[in-house]
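As written, the chain order gives the labels A, B and C, with residue 1 at the start of each chain.
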Amino acid sequence: MQKKAELLATLSIIGLLCLVFILAVVFLGKTYTFNLFLLGIASMVPIALAATGELLCERAGLFNVGIEGTMLLASLTAVWGAEAAGHWAVGILTGLITGSLIGGIFGLAVTYGQGNQLLWGLGINLFAQGTVALLLLKAFKTLTFYRVPAHLRVPQFIIGNSTLSWFSLVGLLCAIVLYLVITKTRYGLRARAVGLSPFVADTLGVDPYKLRISAAIVGGITAGIAGAYMSLDWTGLASATLIQGRGFMALACVKFGGLNPLRVFGGSLFFGILLAAGMWLQNVPLTSAIMRQGGSYLFLSLPYIIVVLALGLFPYREPLAKTIGIPYKRG
Amino acid sequence: MLNRLALVMFSIISALLFIMICLLVLGYNPLLFFTQGLGPAITTSRGIIGALSLATPILFTGLGWIVGKKAGIANLGLEGAVYMSALAALASGGLLKLCIGFHQLLVWLCAAVAGAVWLLIPAFLKYIIGVHEVITTLMFNWAALYLVGFIIIKFLRDPAWPMFSVQILPSARLYPLFGTGSATIMLIVGIVFCVGVQVFLWQTRLGLRMRATGWNEFTARTLGVPTSYLQFLSFLIGGLLGGCAAFSLTAGMPPYWRITDTADLLIGHGFNGIAAASLALDNALGVLPGAIFLGIIISGMRFAQIYMRIPPEIANIMTGIILIVIALPEIVDSIVRPILKKREVLYAKKS
Amino acid sequence: MKRVLLSVVLMGLLGSVVLGETFNVAVVSLTPKEGLSWTFLHWLGAKIAEKEGLVDKVIDILTSEATAVADLTSLALSKEYKLIVVIGWQFVPAVMQVAREFPEQYFVMTDITLPEPMPNVFNVLYQQEQPSAVVGALAAALAVAYDMPCVGLVLGREGAVLHEFEMGYKFGVDWALQEIAKRYPEVAAGKKIYAKDRTQRVLWTYTGSFNDPALGRSATEAQVLQGAGVVYNVAGATGLGIFSFIDDYKTKNNIPTTQPPFAIGVDLPQEWMSPNVIISALKRADLAVRQAILLVRNGEFESFVKEHPVIWFNFANGGMGVTDRAALETFIDYAVAVGVFDPAKKEADLENWEKIKAAQPGWVWEIMNAMYQAIKNGEVEVPRPFGEPQKWRIEELRKYYG
């Protein structure tokens, strides 16, 4: 019964999106809509990547507010790695490793260390901002930002007048892989069990600590890739203010999906397109009456309000991991 | 209770140790941090007043977070509630004219109600449809940040200084208790509210039912507790408290008594409140020392910037390290326990 | 005004007498120097003075509105900083209070008029719509030269200060298009930008942030793909995204740097940040800080402030302008001096800039200079969204200009 309602909800969302797409093509023109779509994909990638990993964490019962700090540190180390080795792939790998390290420390701190996950998250965000600013000053010897040299940037697909990044496909791949892991593998089952009741899982031989640490590492890996994307691929800059809230957007987007990383990916795509539309719509002649009165803020808040409305219209009820945010103590 | 306190003390000491190592590594004199950084924050009157001023809004947002947490919801929407309540406070305080006592009460009421109204939509979505509050509240935070800009530009602009909002009229202002800073009477109100929330949660039936909802929603519902309604209520209470914080930030912030169109004054208090509440282990009475502790750290970092000439990046790093280390009580516990075991103190562990 | 500036500078050069006590400067701001334009510029002015030996030490302090009074009081009480440069018009009430309490502490306050003139506050105001109009004229001329349907403008968070930049730019575009039609009707004939309605000629986007390069990139991409060939950066660190996108776009499509799309920098000559920046609208905050420092050094601060309670920086006295070779060289030297620029790249940068300039038709620069002269001589008045009397005009101005 719920599956049917779910299917109906998903189909109606897709139908609505098609309608919006047709309207956009009619009013804005084919090329504009296409370019807007590509822009939206570029905005979506960091959010989708971080959200899919965080989904696994939340299934296992961890609430990682520190995604933002992880992305920021990974973005800087990715640039450093690319510079050191002379190739962007090494940079992405370095970002990935940084993310996994921070994820691992997070996992250790909140399992064996019984740490408070919120404080950890807020702390690592502050720590990352300060460290990246300091490292830019001391190690890269530039003030405030560092332009990544052209040969170290990730090559992109060129479609028409705009570009598409490989990472959008990586994001989709991550979502598919995680979907298969969570729903089809033993590991995924165990992760869900630990999230729902770590005590029961413990008595049945699943070590909740080790599992949570591994989930945190996976979350860290995807956040690391997202951070590396932002610096090496999308903007080509390393800066202390690069991420600006995208980690929190990822945190919010996780709730789109429940168990299903594909839904998280779809939700992030929806959100990313709306973010890009918030910029684009400000230039369209139709909206000048609103823009005249200070309406730029209305378009900037559009993605957030529409997402909440969409959730209200097409709700998704999924029991969250009951023990989220609570450290599990082995008695 | 005592070993919890000991845990917290040891957390703080280990955090300070980490800071000192960090400073040493970066080439600054760590002992100076105590004389010129934290020292003035604790010993000089300016430092203490500064800490109290910073703590005043955090008290309310921390309490709002706790009320939500005890009822089982993660009310991350306090930031947005603070922004929108500030607008209501400015509108009622700057555009209306009333006599002194009533004006302040009216502005307070408007701010509190506006906070609750802003959180109505996420609350309804949770109550009626069951949408998870994390996503709705986070999204509403951002929406509030942008809406504040729009409303100030369109409606609440000060005609003489268009980059500022209207100023709260003198009849609605709150004046600092200690001559300078912004620790106004709202600090006393905050302390009273701390006690009040603690009493509410632990001594009243409604509070008991709320805690039951948070403890185990399924069981509570089976036993007849109206869980959805209570969670809805806790959202609104959080909004009311956020409104109190906004009142203190607009009507109780000399010498401005207004906000700019970028609302920089209002940003961050929601999350700082969450940090203070987490430091206090989600205990309503503990929010007061938690908020003051955060206030001391923030103002200590400022003094360190001014007197020790530590660049702001390092101040950020140190604040981050303090929060991280304090989040790890068990590591401290595993160091402390062998020591205490030697003295044969029974260590009762709760699971 | 220019005479005063010049004489002060000369006296500063001649009278490099050690004051006998340390002269430290504190630069207090809301945002860190990471913005690379506004806060950075003030800090740069003080830092260069430090390098030249005019001041002993420069520190930068991050503060917030809530803690501003406490921080400024701490700075004043410590008596270590002779001059406190406060960046951020939000701090005006705090500065007023602390300045009243500590009459011997000198302050610099920019971008807003003090409600009452204080004898120890050096109050600088910038007529930022002026250089915006000049670069708007250039953008319009380039749009005609390359037959682009519109020009672009990427801004930060909407507010009263940015409205001035926005209206100045739009006014400049409009004025220049009229001038080109008058002076060079054969060039103007049949160009796409004339076919567009006046309100559609400038694509303007408020990104909502001064710190987010990724948003800047999205906004620029949206504008360039809609045909804008010149994008003016009024967005601080978000503007880094503009430069990053235009560089990438040209590399991808094999467009040489001498062809559009171009970027226009703001506040300081941003030509060294990207080879595709054709010009910058200068807001010489570093000169303001430098002037204040020299005044303090020579003990003339209070008398100067008494004579000039509000100092307007505009074209007439050199406080605002657009990049010329001298300014660019000066700034590259500054950047090298504070260690953020590789001196080996200096010549290449200057050459590249000259190349871009030379590649444009001569009449483009004529139009820009015509706008500059017209404003400087007072023939043309750039509309200000708020001015004496304090009437708010942004809506009606936008109705006319777009």
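Quick notes on this structure:
Going forward, a contact is a pair of C-beta atoms (placed from the backbone, for glycine too) under 8 Å apart; a residue touches a chain by one contact, two chains touch by 3 or more.
Just so you know, these numbers come straight off a predicted model, no measurement behind them.
For the pairs B-C and A-C, the count of C-beta pairs in contact is higher at A-C.
Using the mean of the Cα atoms as each chain's centre, the chain most removed from chain A is C.
Each chain gets a centre from the mean of its Cα atoms; for chain A and chain B, those two points are 27 Å apart. Mean C-alpha positions place chain A and chain C at a centre distance of 35 Å.
Multi-chain contact residues of chain B, defined as those touching 2 or more other chains: 146, 149, 153, 311-313, 315. For chain A, the set of residues that touch two or more other chains comprises 133, 240, 293-294, 297, 300. For chain C, the set of residues touching two or more other chains reads 32, 158, 208. Those residues of chain B that touch chain A in the shared complex are 26, 74, 121-122, 125, 129-132, 134-136, 138-140, 142-143, 145-147, 149-150, 153-154, 271, 274-275, 278-279, 281, 311-331, 333, 349-351. Note for the complex: chain B touches chain C at residues 40, 46, 49-50, 53-54, 146, 149, 153, 157, 159-163, 180-182, 249, 253-256, 260-262, 264-265, 298-299, 302-303, 305-307, 309, 311-313, 315. Within the complex formed with chain A, the chain C residues making contact are 32-36, 40, 158, 197, 199-200, 203-209, 211-215, 217-219, 221-223, 225-226, 237, 240-241, 244, 247-248, 251-252, 273, 338-340, 394-395, 398-399, 402.
Touching chain B in their complex are the following residues of chain C: 26, 30, 32, 57, 59-67, 69-71, 73-75, 78, 89-90, 93-94, 96-97, 112, 157-161, 208, 385-386, 390, 392. Contact residues of chain A toward chain B in the complex are 69, 109, 112-120, 122-131, 133-134, 137, 240, 245, 248-249, 251-256, 293-295, 297-298, 300-301, 304-305, 307-308, 311-312, 315-317, 320, 325, 327, 329-331.
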